[in-house]
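Here come two complexes built around chain A, the first alongside chain B, the second alongside chain C.
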Partner chain A sequence: MVGQRRLRWWAALFLAPAVVLTAVFFYYPMAYILWLSMHHWNGLSPVKPFTGLAEFRHLFKQPIFGLVIRNTAIFVVGTVVPSIAIGLALALLANRRLPFRSFLRGVSFAPYLVSFVSAGLAWVWMGSSGGLFDHLMGFLGFHPGNLVDNPSYALLYVIAMYTWKMAGYNMVLYLAGLQTIPREIYEAGAIDGLQDGWTQFRTITWPLLAESTFFVVIINLIFSFRAFSAIYVMTNGGPVNSTTTLVYYIWNLAFVQNSWGQAAAASALLLIVVLALTVGMVRYFTKESFRAS
Partner chain B sequence: MVEATPAPKAPVSPKRRRPAEFWRYVPYMVIAIVVFGFPFYWIIVGSLSSNTAIATGSIPLFPLHPRWANYRDAWAYTNFARQVLNTLIMAVAVTASQVITSSMAGFALARMRFPGRQALFIGFVATLIIPFQVIALPIFVLMANLHWINTFGALIVPTAVNAFGIFLYRQFFLTIPESFEEAAMLDGANPWQVLWRVYWPLAKPATVTLSLLTFIAEWNSFYLPFLFTETKSMYTVQLGLVAFQGEFATVYNLLMAATVFISIPVFVLYLMGQRAIIEGIATTGTKG
Partner chain C sequence: MTQRTRWLAPIAMASLGSMVLAGCGTSQTAAKGSTGPVSLTFEEGIQSPQTEAYLQKQIAAFEKSHPGIHISMQNYGAADSELPKLESSVAAHDPPNLLWIAPAYTGQFASSDAIVEAQKYFKSTNFQASSIFPGLLKTGEYHGKVWTMPFDANDLGVYYNKKLFAKAGITTPPATWTQFLADAKKLTSNGTYGFEMPIGNQEWTVWIWETLLWQAGGHLLNSSQTKVAFDSPAGIKALEYWNTLMKDHVATFGPLNDSYQLGAFESGKVAMTINGPWNVAALQQQHAVSYGAFPLPKDKVAATNIGGESLFIFNTTPAQDKAAFLFAKYVTTPAFQIGYDTGSGYLPVSKTAQDSAQYQAYLKKNPFINVFVKEMAVGKARPPIPAYPQISADIGNAIENTLYGRMSAAAALHQASVQAQQALDASS
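Showing the complex of A and B:
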């Protein structure tokens, strides 16, 4: 038998690679980004003078900063809400004993499997003038032209692509949740007069899916804040910055404008927002489940 | 609203209920399948169309004269072969590293007692919240200082550990009875041997799930190789696709052909390991 002391050495050995890599590639960069957000740097200069909160002030004073925040909010809410709602609807449909239900599952999950680059490029083509959507909307007497070149539609179009891609993922998460609900509950509900579908959903399914919803909301928020490649490939942040979100702006500040201090300030802002939302969700849902019990 | 409840219905036999239910839900199923599936069909049709059909927007609904040569032309145009090789090297190395680092850490967290174990576990899992874009700039500076930009080191090492894998193995190892470990220890095996000879083979489902999900994520990844590579000879497939778009912005038939062949490996892996992939996503969903 190995003694308690020697066992600790083994534990340290097993954990060493993961701890070192996590420290170097997660915790050190987080500390560095907070440090850099208080220093001025152009990405090349050997000196990085301390500037306090000046980089944040410069960032907030950027003429497009308000637009970036607005775009980010629209993108996150506009992707999270519909992709969860559609994912839940798909799960409810695919959970019924219907023929072709595994085909339905496979088809709606397929968009999640392809890369954002491939899906984005395909949607650029489908949204081009003379493309699929141009034809379809033409039937309604509506000719928006090239969707990704139109400042009024570009953000909505990227949101539509993103929702198409993520709904099937949410369906998988909700299907797992639905399968934990025992059939007997519905049978008991039917005896109590809960017969029609909507009442059943409202009083049984939705409350029992609370745990799934909690996880689905958090993971979708995290994913949506990260969305970069779809925007880069489809619109390059344009036209006239109408699709520039916070992550796109971070990249632009650092690698196009060489304002690393401001890029770091924007990264710190993103970090704070994502952490605050996650902690907020956790607290909200734990409170809710206390109330329910 | 529930009005005067009708007399409790006699249980309806599934045989009689199925057609009625089916016809009620058929419209929704058709809509869902068209919305999610039609773009795939359309991409394939586009990839087989001629330049004129693409340019004039007069693509037939059924490709009666498929131009298979589009695939050959798209493949030959850039050095996709080299980019596929680069992506394979990156994806295999990252997957192998994550399997090794995750199973070791997951074993220690599930099976060994030491101070700070819970805090360490939370410290790993908390990294799942952090968007890569937040930490990308410092990692870029680190890679530049190491002169690793445009090398495999930058493509592999920063993603060699992932808290999802640690979580997956920890949960799996927690379900294995302690008697396995005790029996092996009595036979004189040290913890290293217990992990790799006893526990790791039992955790094959976790390994399959983690490997498939990691490989697909690496194959599809864009931001990291986008920042950390400079030359076309180091590009991964997704970067190759974007470069292709840059040069042939409106030659959509070739672009769609490239999109199709670059997505094939992911679909092959999915069809091979459908169950492991779906369960991997679903269990992390329910166990949060």
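Showing the complex of A and C:
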């Protein structure tokens, strides 16, 4: 009994650094943002008067708020779905015995290693009027002009850049998942008559990748919700706020407009959305993996 | 993983999302003595190395004439990235003593007690406020008192491509909106546009648009600064004028939010663009375009927007605050101003410096700069009120909504004015 109590103290001691760091860098800022969302603050003033839910009301009344939510939804769905699909396709390809397998893996992963700032600047350049994309599409008889400065294309273009960067990362995650699937299962499947690739994928590979998919979906959701530097570098949220997502809007409210209360209110909203989605995903996938096993 | 601990994972992951706003500043409260030698930190964002070297030399001269005061200078790079850092340094009670930045932030810093009112030192240090252009002093006013001290000045004018003007048969630059539109039409031909339209909802676009509002006889705020006033016939006229330039296809958008860049002008793709005097060195170095400048065309009246930087004195110790003011005063002396301005293309802040034989000789050699100096006479300044950044953002959205054809000028300005009024009410 005494030994067990001592063990508990040791455990507490070893856990302390992690607990303290999480408290200081995660839970304190979270609590502070919730507190700040009910106060008016310009970022400098020593006084922060209590305003109740007024900051939320102001936020919802902003004429561009609906647009920001719409942009965020399009951006998140538009980046998460294709980057996972392409990542999975690349992983399946890179998992085969192909002549240039290492090269394929390297090339697919390389975009992820480039910083969002340099990649963003390169894409701005390629998407300019008379740039690479304009030129290539010219062969199809279509001249979109400057993609970044066009409110109809800007969001799609940023999504394309983001997907290009994330697909390789998802490939690596899926590749790791694929390599944990024992060869014997495929052999057993073959004996039972599972010959063609699509049936193999549907009945063996995809169910056994459930855990990888769970992780990939959640990490991509969080990354996409938080995406900032690509938007900051490529479009500054414009033109006509067509690429202003919730996170970019939070930054703009806080650091450009000095409306920290509204920025905190928007952050609280983001927190709730991401939390709800993550909890939903965990619920869904835990049920799924039970079914699989 | 048990069912219970499984629930912790999403919470931990989701809390990553809340980290967006979590900035942290280093907190160091060094003991700053009030007696003996005074050390000051001075943060500036001067881009040109030559100008910075000149400033360094002047600081040495100042230290010589003011024994006991030591200034260490530090470059902060871009102003946009400096502001968040400043906010955290103020929160951590460790701000710089002196800061070189646009006076538009005066209201925000003054209302938060982060900076010291400069005017309270005028008498005791024998500072002649009348030596500074009154319009410039106004850029640093808050509640009727001068809080920040002018360091350098600039304003806006039109750059034009002399060769394209000659080709279009234009002998005198346009002086009115009507002439400007007519000339822009003449200058537009396959691939070349008459005018580069600033675009984006950030300050550069808004700063330029405000000159049109004033030229049309409009105002940003009422005289007591309690009501926004840009949603007026003059405001609508100003925005519709820009819209006409776009609809008539005599103007093309500049780079989004970066329309101060000169790429299209220097490559001869646009014949006219609005910019300031500070590009003089860069323009002299290129040989592709033969350039000139003329004053912004007028509508009802002539107007330009005064810019430039001021010195902010942060609230530290009384001795440091006063020493910092002495340096701000030194900067306004003709000796400092003449050397600084002839090297940088900035404009003088005092009439004495501007009228000096040395500066006048410089203007004779640089007629380009002279255009901007003369325009200062019709210069107006943005109100340095705490709500200005929000009002500017609302106007920026109105400009984009109109020029991209999403809304009429009247509807866009009305929507912006409702938002801006809310911001103004919340800040007062």
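Everything that follows uses one rule, which is that the second predicted complex is superposed on the first by the 271 of 293 C-alpha atoms of A that agree within 3 Å, B and C clash if a C-alpha of one lies under 4 Å from a C-alpha of the other, contacts with A are read in each partner's own complex, and residues count from 1 in each chain.
Following the convention adopted for this analysis, a contact is a pair of C-beta atoms (placed from the backbone, for glycine too) under 8 Å apart; a residue touches a chain by one contact, two chains touch by 3 or more.
Just so it is clear, the model here is predicted, and its values are computed rather than measured.
Superposition of the two complexes onto chain A shows a clash between chain B and chain C. When the two complexes are overlaid on their common chain A, residue A:142 makes contact with neither chain B nor chain C.
In the overlay built on the shared chain, the residue A:98 is in contact with chain B alone; chain C does not reach it. In the superposition on chain A, A:206 makes contact with neither chain B nor chain C.
After overlaying the two complexes on the shared chain, residue contacts for A:186 are found with neither chain B nor chain C.
Applying the stated contact rule after C-alpha superposition, one finds that A:264 touches each of chain B and chain C. Once chain A of one complex is fitted onto chain A of the other, the partner contacts of A:284 are absent, as it touches neither chain B nor chain C.
Touching more residues of chain A than its counterpart among chain B and chain C is B.
Once the two complexes are laid over each other on the shared chain, residue contacts for A:173 go to chain B alone; chain C is not touched. In the superposition on chain A, A:7 makes contact with chain B only, not with chain C. With the contact threshold set out at the top, residues 22, 25-27, 29-30, 32-33, 222, 225-226, 228, 247, 250-251, 254-255, 263-264, 267, 270-271, 274-275, 278 of chain A are in contact with chain B in one structure and with chain C in the other. In the complex of the two chains, the chain A residues touching chain C come out as 22, 25-27, 29-30, 32-33, 40, 42-46, 58, 62-64, 148-149, 151, 218, 222, 225-226, 228, 235-236, 238-241, 247, 250-252, 254-259, 263-264, 267, 270-271, 274-275, 278-279, 281-282, 286. Considering their complex, residues 1-2, 5-6, 8-9, 14, 18, 21-22, 25, 28-29, 32-33, 35-37, 39-40, 42-43, 46, 55-57, 100-102, 104-105, 107-109, 112-114, 120, 123-124, 127-142, 157-161, 163, 166, 185-186, 190-192, 195, 216, 219-223, 226-227, 238, 241-242, 245, 250, 252, 255-256, 259, 262-263, 266-267, 270, 278, 281-283, 285-286, 288 of chain B touch chain A. The touching residues of chain C, when paired with chain A in their complex, are 6-7, 9-22, 83-84, 87, 90-91, 108-109, 111-114, 199-202, 253, 255-257, 386, 389-390, 393, 397, 400-401, 404, 406, 415, 419, 422-423, 426-427. By the touch criterion stated above, chain A contacts chain B in their complex at residues 1-2, 7-8, 10-15, 17-19, 21-22, 24-30, 32-33, 36, 89-90, 93, 96-100, 103-104, 107-111, 113-118, 121-126, 128-132, 134-135, 164, 167-169, 172-173, 175-177, 180, 190-191, 193-196, 199, 211-212, 214-216, 219, 222, 225-226, 228-229, 232-233, 247, 250-251, 254-255, 260, 263-264, 267-268, 270-271, 274-275, 278.
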